[in-house]
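There are two complexes below, and they share subunit A, which is joined by subunit B in the first and by subunit C in the second.
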Partner chain A sequence: MPDAGGTETLLDIRDLRIEATVYAPGEDPRDVVIVDGISFKLAKGRVLGLIGESGAGKSTIGLSSMGYGRGGVRITGGEIIVNGRDIRKLGPRGLRKLRGSEVCYVAQSAAAAFNPAHKLMDQVVEAALRHGTANRREAEARAVELFRKLSLPNPETIGKRYPHQVSGGQLQRVMTAMALCSKPDLIVFDEPTTALDVTTQIDVLAAIKDAIADTHVAALYITHDLAVVAQVSDEIMVLRHGKMIEHGETRQIIEAPRKDYTKALVSVRSIEHEEKKPATQPILRVEDVTAAYGGGVVRVLQDVSVDIFPGQTLAVVGESGSGKSTLARVITGLLPPLEGTVSFEGRPLPPRLANRTKDDLRELQMIYQMADVAMNPRQTVKTIIGRPLEFYFGMRGAERDRRVAELLEEIEMGKGFADRYPAELSGGQKQRVCIARALAAKPKLIICDEVTSALDPLVADGILKLLLDLQKREDVAYLFITHDLATVRAIADSIAVMYQGKVVRYGTKTEVLTPPYDDYTELLLSSVPEMEVGWLEKAIAGRRMEAAGN
Partner chain B sequence: MLDIRQIPIGALLGLIITTLLVLSAILAPLIAPYGIGQIVGGVWEPATSEHWLGTDNLGRDLLTRMIYGGRITIFIAALATALSFILGSVLGFTAAVVGGWFDTIMSRLVDLLMSIPTLIFGLVVLSVLPSSTLTLILVMGILDSTRVYRLARAVAVDINVMDFVEAAKLRGEGRAWIIFREILPNALSPLVAELGLRFIFAVLFLSALSFLGLGVQPPESDWGGMVRENKEGIVFGIPAALIPAGAIAALSISVNLVADWVLNRTSDLKGGRGNA
Partner chain C sequence: MGSSRILILIAQRIAMGVLLLFAVSALIFAGTQILPGDVAQSILGQAATPQALANLREELGLNDPAIVRYFRWLGGVLTGDLGTALSNGRDIASSLEDRLGNTLFLAAIAAIVSVPLAILLGLLAVRYRNGAIDKIISGLALASTSLPEFFIGYVLMLFFAVKLQWFPSVSTVYDTMSFVEKLRAVALPATALTFVVLAHMMRMTRAAILNVMQSAYIETAELKGLSPFQIIRRHAFPNAVAPIVNVVMLNLAYLVVGVVVIEVIFVYPGLGQYLVDHVTKRDVPVVQAVGLIFAAVYIGLNMIADIVAILANPRLRNPR
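Moving on, here comes the complex of A and B:
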């Protein structure tokens, strides 16, 4: 257990146990333990990172420090001591006093957490006014000061805007200001940067870190990204299935993890992939494609040209809004381009989906980011995988079932899954079924649209390994759309970096990832958090130096 | 399979009452004690062992009339609902999937129909057209289909933009597959809930039309018509009009209870396995 440094203990959680009742279909309701036997102390001014995959209970622990249980969750054992008193013994009135004044919460999706009908300033100062810690003028002055500290643009006037009038990264910082405004002792950050682009994430991280240091609050920082938590926290607790795996100083966890699970987390994305040389004949060639939505009004792609070679992977990287997914829509024929052509194996593809032949469609398959909405929830796995077999190859009955079973073997799931519905699968299994559905068509090219971004790191790793294996066996090419550079390093043969609808850098993986970089690629590469303590300071310092040099 | 103990009590009650009413409607000629137009006693006689519910305004057996009336009410309402559903949901789904001009024309047409109050529109059309069961069913079905159309279209528009529908389109599936295999199963639960509700509205609409004299024509009579026949009795403290009125209420409520329960079951994403 790390030493609290002799400073005053702010939050003391002892043997916390949290349960919920699960109403599983076809079974009697039963109680499950979500958090089991968690204990830790947090001193003033310290930041504890809670890390774990989804379902590890990290958010539940975070919220419990406000005496709150989400959706039928009950705190059934242990003590939660904030500022010397057990908040489990406080009534609703006492809790109301505590929340928003002593303990504040920063949610993952700021866009969903702000009320779109009120101005930012009104929402930022609300808690302070409600708890009477400040009058309106003081609170607003403090808010402006916080906006400045969080390096928001126009700190004096940004409070007059509505939530939709600022960007996602700014909104996340405003939410941090909201939490800090009532001068709390403890802030719970629940995945505050997960929904942001890497280039935005680094600014928000730096702002949060500075604000924590300036105001001497303690914080619980919840995330699934170990590299992020390594930057902001003093100590880290690794959780799995509601139990503590390991707890220690950040440096020790990152550099010398003791438990196997932590080691796996730290070494994730260690896939070695040997880059292949481009072949002479590309399987898919995109030439000078310009595309727009709204009948030509909003241009989202500008003169994009890329080649994909048989059995290789082209990774398309960029932040949200860079046109990556639009490129996929153009290639699949969902969005006919204004100019330019897409050719497949040397022959031009009709721009519209409706004019393409069944074989064109078969050879070009797609895998989506959100596996749960990419499968019809009312079809069984057998129907989902079997339909392309039936549709493209006319397979029926026993022949089809046999092939479905083979495909299930290929994606490392047993044929026992054939009769399950998507809702009965885990996130990783769902994505595997989607891969099997694409494979069923025997395609030559699969477009993978952010296929691992919704998954936990270890699960995502499994999916990437499977995709690489399949590429070796079936000689299928991938167009891999992602914003995650670690994924790109793991699987790409060539890379196209996109920014504002244009390809700003394109070539083999080695070419693209070797300096000298163009400005955007440089920014992108330097924004990806590395699993290294102190990385954030270095990156920010590097950036400031560069800004000063210009 | 379905375990009777898993059905909630409200749904069970609704199921029993609905089943009884439907059975008595189907078996009317077998279980009715007298003929439908047969005059068996005095006007508005009270309940006796021969006439369990007494007699009506012309001295016909009220129980017999109730059983036959229920048959007509349920028959017409069920067919009108079925018509409105087939018409409304197929057109609604098609509008959502096809989009463009088809959607615009259909939707504006439906808006036009919906802008006229249903009862007034029904009254006008029925007073022009010959009063037969068929016209009644057609008028009720078409008028009601506008509501189903709106719901089906709204639900289908949402489903139509889901990735699995896009995946089906990319596979090259035809419209029929997309409508009936991808969208319909996912739109079923709101539609089933609406089905129960629409059936009740059809019963009420038919009763209202008959009460106003434009629905089922004498000597046949549905429950709404029976309220009309016996309404003068209320002044004299004779409850004959209240019995068909009560039956309308009982049918409406019990069908609603069943529809609610079906909604619960079908909205389950595990193929309705278990889940009470």
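Moving on, here comes the complex of A and C:
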């Protein structure tokens, strides 16, 4: 069925409607619409980016092209036409024939999506063998060829390894090879690089893009990161609450978005933050700290020294495993350092949490990445925020309730939230409650450990703005741990770049973000996708030139 | 280098098992010391003269400190000498031999039937989970665990031995019996044992596989277009092996150690019956010896389960 462009339509979704049954505690089960009235066509060999916040229905739409619904999700309306036939009319047997042969899937976390009990090669060729598209020898030859195409190390032998024996970035590439191995017409990529470090992401992204181009496979590329999708897709569909907001060519969506919501997504992280001059007396000084786990066996911090000034923000940036969260554990006393000292307002803090005074504890508060698990699900917001008021200030009854109401005002939530439970709050609201709980102790320093990483970009923006406002009003200092450079730009006064347990670059924001860079900072900065079509090619070309130059 | 690490782990488990067995032997010995009365008294009876008692105590070495007697007993056990039974003066080791063989035979027959059946039923229950088949299997399994084993034993006896007369109600076996005759003799007790252990193994198999079925890699397998049975067999089962082997071994141990009731009901000449006989006769050396054998079986099977779990873990088998 050729469409207007003259190319053959592969996937034709018409008026798709998907529902799920929600079992909220204490309520009768009810049906909610997850995807509503979605229609689009995808021609052979084209890549469509599906973008939106969590709950926008993008993964659900992607999986529906395989006739699959996660959990209690049901496709209740519309047509899903793959290669000219409506797959909703296929029975379980017909769907099994479609999955893994015509349409394949690449999951977000390859580490979880591979079976730990089998070698990679057995899993990569499994679909091709099961569908009879190739015999074992042919399938393995193709797999090796794909490993090579995806620039995996040792393509001949990597298939003999088990999933836990290769790195996360490599696994994600092997998973792409697994999807390509049975020569499908369509691949659904579901946030394939979201779980990776930014310096790994760029390579995986480039490998996926090349593989798509070489094999002429069509793809649905699902992500919440518009800058990422701008690099790989031909067209983009913006989704919100299960409905389509805007659908167009990639360049149009990025450069000339029509709808307000799309404009907001494109211009996210545009917070302007003027850096403050460092004061003379730091509030917290970390000096030559070396720390290790396992009784000194695994060194995770090496000679780390940083200062945090009153009312200012030190951003600690680095990849997973760089030691940034360990630094927070040392400062809070959860992990006494092997060497070095941590001093607060000029006096050294006892290395162990147990030896610190109540006031030491009060002045240093912490906010975590997962607001969900940082709160007791059986306590109301009032109890959660009221607890530090009782513990540190002995507040009771009406006095405490008044202060809780004030704090709720401060985090821009009404006092109507006081009697709610965490389950009744959105992700952003939960993080706000955690901020209020930290503020309740009237701390001088708050350690924020990846506090916006689990949030959608627009919500994360709101949290960052709130933190900046609070800093102005309350004169509180932040130690802001993050892997996200855009967040660093938005909030930092000074920056420490960490790599393999060491601080490789440290100074004011302007100093750190102004060339000349050291190698690692250069790599880190150049790996962050920019909201620009063609950025990936430029970045990769830049790296190749540098590699050739060396 | 990988295999050496795994060998160290396995050696550690075996060493633990041996250590545990010594600890249990001390406990058994201590336990029998706490019992009221002494061996000389029980041999000679209430009417014995103090002189005769003192002579016998001297002869049996009962006046030595407990620690000396423990090591004397332990030394005997390690050299295959379990002592002599007080009640009939026979060598315990040689009377045990036949009994142990009979018990192991009964346990083996029950295991050969129940283990594959339990795993198969568990797989079926997972395949048709929450459907009619799952509910029927789970319901029957629950019913058979809820019924005490003596009840199952007597019901089997009533129908298959008394009414239908297919099998004998008394499961006596002799050395001269052929294998088939022996099979016929143990059919009813083996069936009763199967009922007792089946449910536990089946339900744990189901739970272990269902637990694995929540994993992301099961979704990957579904999205490859694999059939439900292929998914369970290839992707779920290998990852559920460790917990399944664990529960299987526990139940195998029960088949050996817990057969006392069934052996008594069916008058089967196994270890359990031997133990019960000698407990009533207060024959302490026999109770010690049988207790030690039961402990060894229990510890040995659990050790095997641990070793299988180590071998089944791809991370341990193939380190980075």
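Everything that follows uses one rule, which is that the second predicted complex is superposed on the first by the 544 of 550 C-alpha atoms of A that agree within 3 Å, B and C clash if a C-alpha of one lies under 4 Å from a C-alpha of the other, contacts with A are read in each partner's own complex, and residues count from 1 in each chain.
To be clear about the criterion, contacts are C-beta pairs under 8 Å (C-beta built on N, C-alpha and C of every residue); 3 or more make two chains touch, one makes a residue touch a chain.
In this text the structure is predicted, and so the values were computed from the model without any measurement.
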item	value
Touched partner set for A:147, first subunit B, second subunit C, both or neither	neither
Partner chain in contact with A:99 - subunit B first, subunit C second, else both or neither	second
Touching partner for A:109 - first (subunit B), second (subunit C), both, neither	second
Partner chain in contact with A:478 - subunit B first, subunit C second, else both or neither	neither
In the complex with subunit B, residue positions of subunit A that touch it	25-27, 332-334, 353, 356, 358, 361-362, 365-366, 368, 370, 373-380, 387-388, 391-392, 421-424, 437, 441
Sites on subunit A touched by subunit C in the complex	63, 66, 68, 70, 95-101, 104-105, 107, 109, 112-118, 123, 126-127, 130-131, 161-162, 164-165
Complex interface listing, subunit B residues touching subunit A	162-164, 166-167, 169-173, 181-182, 185-186, 268-271, 273-275
Subunit A-facing residues of subunit C, complex	215-217, 219-227, 230, 234-235, 238-239, 314-315, 318, 320
